[in-house]
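A short write-up of the structure that comes next.
We call the chains A, B, C and D, going by the order they appear; numbering starts again at 1 in every chain.
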Amino acid sequence: MNQYKLYIGGEFIKTDQKLSVFNPYDNVLVGETYIAGKEQLEKAIEKALLVKKQMRDLASWQKYKILNEIADKISAKKDDLALLLAKEAGKPLKYALSEIDRAVQVFKIAAEESKRLPKEYFSIDWTPAGDGKEGFVKYFPIGLISGIAPFNFPLNLAVHKIAPAIASGNPIILKPARSTPLSVLELAKIIDETDLPKGAFSVLPMDREAGSQLVTDERIHMLSFTGSPEVGWKMKANAGKKKVALELGGNAGVVVSDISDIDLAVKKCVVGSFAYSGQVCIHVQRIYVHENIFDEFINKFVEGTKKMKFGAPEDLNTDVSVMIDEENAMRVESWVKEAVEDGAEILIGGKRKGTYFEPTVITSTKKEMKVCALEVFGPVVSIEKFTNFSEAIKNINDSDYGLQAGVFTNQINEMNEALNELEVGGIIINDVPTFRVDHMPYGGVKNSGFGREGIKYSILEMLEPKLLVKNTDY
Amino acid sequence: MNQYKLYIGGEFIKTDQKLSVFNPYDNVLVGETYIAGKEQLEKAIEKALLVKKQMRDLASWQKYKILNEIADKISAKKDDLALLLAKEAGKPLKYALSEIDRAVQVFKIAAEESKRLPKEYFSIDWTPAGDGKEGFVKYFPIGLISGIAPFNFPLNLAVHKIAPAIASGNPIILKPARSTPLSVLELAKIIDETDLPKGAFSVLPMDREAGSQLVTDERIHMLSFTGSPEVGWKMKANAGKKKVALELGGNAGVVVSDISDIDLAVKKCVVGSFAYSGQVCIHVQRIYVHENIFDEFINKFVEGTKKMKFGAPEDLNTDVSVMIDEENAMRVESWVKEAVEDGAEILIGGKRKGTYFEPTVITSTKKEMKVCALEVFGPVVSIEKFTNFSEAIKNINDSDYGLQAGVFTNQINEMNEALNELEVGGIIINDVPTFRVDHMPYGGVKNSGFGREGIKYSILEMLEPKLLVKNTDY
Amino acid sequence: MNQYKLYIGGEFIKTDQKLSVFNPYDNVLVGETYIAGKEQLEKAIEKALLVKKQMRDLASWQKYKILNEIADKISAKKDDLALLLAKEAGKPLKYALSEIDRAVQVFKIAAEESKRLPKEYFSIDWTPAGDGKEGFVKYFPIGLISGIAPFNFPLNLAVHKIAPAIASGNPIILKPARSTPLSVLELAKIIDETDLPKGAFSVLPMDREAGSQLVTDERIHMLSFTGSPEVGWKMKANAGKKKVALELGGNAGVVVSDISDIDLAVKKCVVGSFAYSGQVCIHVQRIYVHENIFDEFINKFVEGTKKMKFGAPEDLNTDVSVMIDEENAMRVESWVKEAVEDGAEILIGGKRKGTYFEPTVITSTKKEMKVCALEVFGPVVSIEKFTNFSEAIKNINDSDYGLQAGVFTNQINEMNEALNELEVGGIIINDVPTFRVDHMPYGGVKNSGFGREGIKYSILEMLEPKLLVKNTDY
Amino acid sequence: MNQYKLYIGGEFIKTDQKLSVFNPYDNVLVGETYIAGKEQLEKAIEKALLVKKQMRDLASWQKYKILNEIADKISAKKDDLALLLAKEAGKPLKYALSEIDRAVQVFKIAAEESKRLPKEYFSIDWTPAGDGKEGFVKYFPIGLISGIAPFNFPLNLAVHKIAPAIASGNPIILKPARSTPLSVLELAKIIDETDLPKGAFSVLPMDREAGSQLVTDERIHMLSFTGSPEVGWKMKANAGKKKVALELGGNAGVVVSDISDIDLAVKKCVVGSFAYSGQVCIHVQRIYVHENIFDEFINKFVEGTKKMKFGAPEDLNTDVSVMIDEENAMRVESWVKEAVEDGAEILIGGKRKGTYFEPTVITSTKKEMKVCALEVFGPVVSIEKFTNFSEAIKNINDSDYGLQAGVFTNQINEMNEALNELEVGGIIINDVPTFRVDHMPYGGVKNSGFGREGIKYSILEMLEPKLLVKNTDY
């Protein structure tokens, strides 16, 4: 069993409050770390402020070198990190391995983007008032950033804040989820070995008071939060003058048109529905299938679901494992039950054993049911039929959320309609909404978020433009 | 004397509450209009929501045509509009004329930019996970926008919200300042004659309750506010899920280096200090002059100030007229008095007659004095000496504000230092911070604002990106 | 009957060689002008070189003003210009009117783009060798440009060289086609009234010797040629150090897939085949129709062809008029005859009367026939059937040319295949290859051309980048 | 002594014609390879054409992986490669090492850029003709490329053609200089070990006939040549339909203003003048120094020159070694002699010993002297004084060449004047024209070249845009 100290700007420290992390699959202790209070946060803030100028003045090649070095070191520890991540999050090893690969990818892309920060150069003399002048915009780091990361991608969603912060020349203080702080503390050890100025990065699981200061403290210039909508939107109101980026959840939908590849759609949707027990912001929660192919789709989908192999997260063959805790498993169970009582039909699954909830397919749902209307964040998907494409689009839109959507079709006009009418941040044609590569812009509309991540896009949000107007004929 | 009805999405209406607008110079009634309450605002919102889709679907050429038509019609009424603006705002006619020209320019640029909304197209296959896929980002209108405009540029600062809203395909509801609502109501008549869908634009001076709903109503997706810092930052906290853009004030500074063109610096600084009685967000409030040229600068500056001609705003020869109201004139008077009591020295000016406050130059100030530390928003400037350039930069930065700064120099290293170290949104080399052309990015850091205006930049803030990921080898 | 003098950098002059221009429809004299020799060309070159620096130094607003003024003046003379153009080119008035509109559009877009010339700003410090340095790229006018324009769009294809030249700050000498020099000489009168520096623009129909100097003279920095492939490619070899842009011809093809809108396809293809008697670089010359809809397409196409109304070019109801001269009409006649002798079948048309050649549809062609393999530049189209989409793509590619292609389909995979596999400069989905809007990049591959036009793209070709590397920490 | 076979698309082969490579310092045999004739070239072309489609269809991640692998393998062999390069080119080891580093850098940047190939997406509906349409531009590989590289940077200037070719998806056939073919043949071994499709890369020293076919063969779509102006411009005339990029030479100049850092200027200029015996396209050949500091500059420069250590290229302490061959050393000697006879004065150096020519500083030159007017490509620099800055600019411009220029100054107005008036491809402020980092745009105007290199810029030249116009409201 491992001890993990907190990482405060170059120092590994302990506090009075211990935090034990257990594997949700077998309740075995994975590791122990500490909870930071206001005192530790204050230290982290002060250290960060001290290196602000130094961070701003790093040359491109220095940031590039640091970020690539982190990527290489993560890569070298891939197996250990994946196992740790699998255990603390109960995430099947195959997905944990892919998460490590993605974290490596994020640091590499951030390295490349650090050399390509936006800069503008344009003519000012559009009217005689601007005669003999030219304009330049140089983007400077916005200042100290606080990042708050969720349990479901303990490493990669933290890395989506850390890597852009370094690339843009900002110090960052990261608060991981209490249930899954270990892999990012392991990352701290890696980062500590690089030339990143000490103070530019801290990782602190926090108590409530410190956590709330992360939101309100005016010395922090940006808050980047990934988590639940309820918590996120409240933070926006309390954030004072700082910029806020919110990556929240959703109830992502898929449309399967009659002119499309059914087998592809089934294969992608089964994985999109049940991977990591649906504990993914863009998990497939609602599928709308054209009536002509509905029965075939349902049959094939249930068959596909049966093949999902349950097991321990550490096992490379496991497709589905447990949920993060029993509380969540019980919540999902009760939502499904409520739906069934209100007329929904379970096609497969529906049972809970401790923290495990079976991959569950339901139909005959109503849109007001919690399993449809709220973010289920569990291995539950509803499949319903539609008659015409526009109706399916409306079904997807009939939601408070709007993160991503998938559309299986081979028709140009349906693709156009999807792009124009779907109220979401991203539309994936012939793939599930669960599709994400790390350099694409990612984020939701409506209740699902505020701003975009995806390295280049995060970097842009972490920069402040400064205009220089200069004479040219002086 | 003219009656101006409110403009609610295609209808000109009256309400029970009259609003009389007086010329601050001679207290003559300029015109009468009305104040809207929640009922009128509700109507404007509903009308706006009804045309959201229609606005989104306007072709480029339609937006281009509408915006150019507005520009041409403003241009055709230039003299009348300038006179109206001069009277309601007490703004010398020469500046009022130039404000009309700029409003024309803003609509023309918005027309051009409406054809060039951002669109992105990029490869997705950076890892095998993205094989056979490409990404596209199309930017859609964000939704209903509320704009709140100040008294000092009654037309152009409103236009900086209206024109980008139309160009980006968004409906907008504009709340003008109570003291200067008439020119923008005149603009409403012009816009009403175009093909802009009725409902896409409303102008309403409002009572407090309606005004506060503009900030909180969740059917509104963006709030664009230009006004005072105190009011602005409070709005950000109350804005709920909507995006907020704040263009606030400052205490803009100028540095005059020893290797620079003194005569140019004096000429530009006198106008930057006293134009429209300093009631300009980027008015020159603090000047730091190198000790080698301090005396010469001071002498020439006082000479220049003497030449500023006082008169009625309607008079084309007037350089300086009254302030917007006596309350503000008295406030400025008291700040200057307080400064003098604390050791400052008046070189010229300092006296008040009703709403008129003389162009005033002070020196031997301390940075804590209100005339230095707060936004004076009046015809007062302080001039101090410095020994080395870095010290002058520090003086400028020693402020809660950071809008724009001017630097007179012919040295490359000083220009570099200014760009890297000045904590402001824009730096103007060899000109005053008061310099603004309408297409440049404009906005402040620190307490001075949040986000950037400048047509292309405003448009970007009024758009929401939507990603399409598409297969290419299907 | 009108006399048109040549325009040499601000002067209207005569030469010894007269040039008479006749209406190809009725052989009536339209106007008289002159042919320039080496002496006049020398004068034009010298005047142009004298204003190079002045052109380079025009402010954005000056170029914008000049270009918009030209657009407005063309617009004001629209009816007269269209009539002149209809007469000199034998172009039906409806198409002549649309050509004038497009010329207006080109100048307006050029005005807008003149404010948006490319400029780059980027970091240099990707390695320690670049420490403390930043890079800037400013684009300067390339130098004197020679433009050579064809007869078929006498105004707009000349304007596609003139407007970008002005926008990019380059002087230009234009050689119009001998058969259609008048409308561009009319344009010279318009341009002469603006503030464009005298010398920056000259129009000269030329004798062979002067024409060849346009290609070889090393004081000219770029040659922009629109015309036949044979002439164009030879010019490239003789152009010395100058840059060359070639817009040549083709034998554009259309694919009509089985899942597409047949009526739309027929309607668009009939116009694309016969408008201006096919004397258009992107005229529809080859149509490949899926076998499932071939018979229906053929029938509807022949019906559509019958409705094309023959008449005088000056008549607004005329759809088709004569060809530019009898030589070309005879050439087309002989090609069709040759095809028929080799097995092709005429579905409609095929006869010639003087300069008139009937709209002609043939089938059962072989790809080696001149009507297929060469650029027919006349009102002849072949329609053939195909079985699968890839085969149709291969048919289009089986050609020495590659300008544009049209594809009617509603299938995403066919659109993808078309984009990836068609060897052309542009692909128009659900429209004919004849589609062109003036701001889109336009130009061919293979024998069809070299470089791209389309205002922004032409401007880029007319600019030379200059890098500035500057220290930032000096 | 090593044997190097030619590399033809995956095969290492011998021919009948041997080529021996000697170290110009001690005439020791460095290695032996072969010369290819038309037969071998034909084979390389055929192999290249066979993999064109495969190259086009490589995913981003595949090109990225290949290019990074090449970079890593070069890096791993750095010392051996540098030694080989030092020997075959007579290049002092310290510069050879830095050339290897730069080649690594070029492949890495190309890897990054291969994921960021340009793509455009824009609105088409600027007029009603474009209603319901959008435009896309995707850039496709231009086709087979022939690269011709010079002796002076045997590896890196070849790599500046190879890496962008791979990144843009084009096959390339490279012809190295006969005197220095070995390091690039060593590179071939490295590339052969990667997944680059066999056929996509060949390296062939060629006989005259094959070399000339590289220029004329119409199956080759682009010729990228680095070498002498005389050869380059002739190639342009013979290149047929293919695109041509020319990186030629110059007689680069430096201006040292009175307000500048003299010690910095001297230090940079000495190295820029004599590194690799001035056999660098952007070697410092002419220095213009302000009269106020002329004497001080001259003295310090001569002192600096004395410290340049002569020695064998393989010695890490060597600053200056021999020239590439005796013929060139004798040419330089005769030019200097001629200058002295015409009044020039030698301040230091001027003597030749075999292939060695001493670092030589001359003054009192006339601009017509060969050492000034032509490209000296040897260790000779002239230093002259000027009175005002504009005169110095004119001196630099008084040349047939225009590659890069250096300007030492701390004045904004001088920097502006330099940017606007210097007729060169690049201006380096406070550094020598010899400054080059590999990602910056690089290339000359006037006789010095045609087009730009610098990875992103080379890639752009190696791509052909293809437009897709698509309906959006279908």
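Annotations for the structure displayed:
Throughout what follows, contacts are C-beta pairs under 8 Å (C-beta built on N, C-alpha and C of every residue); 3 or more make two chains touch, one makes a residue touch a chain.
Small disclaimer: the values here were computed from a predicted structure and weren't measured.
Common neighbours of chain A and chain C (chains touching each): B, D.
Using the mean of the Cα atoms as each chain's centre, the chain most removed from chain C is A.
A separation of 37 Å divides the Cα centre of chain A from that of chain B.
The distance from the centre of chain B to the centre of chain D, with each centre set as the mean of the Cα atoms, comes to 50 Å.
For the pair chain B and chain C, the distance between mean C-alpha positions equals 45 Å.
Among all residues of chain D, those that touch two or more other chains are 126-127, 130, 137-138, 410, 412-413, 415, 419, 429, 470-471, 474.
Of all the residues in chain A, the ones that touch chain B in their complex are 101, 105, 109, 124, 126-127, 129-130, 133, 135, 137-138, 233, 236-238, 240-241, 243, 404, 410, 415, 419, 422, 424-431, 435, 437, 439-442, 445, 447, 450, 452, 464-471, 474. Taken together, the chain A residues at the contact with chain D in this complex read 112, 412-413, 416, 419-420, 470-474. Touching chain C in their complex are the following residues of chain A: 59-61, 64, 115-117, 119-123, 125-128, 130-132, 134, 136-138, 409-413, 415, 429.
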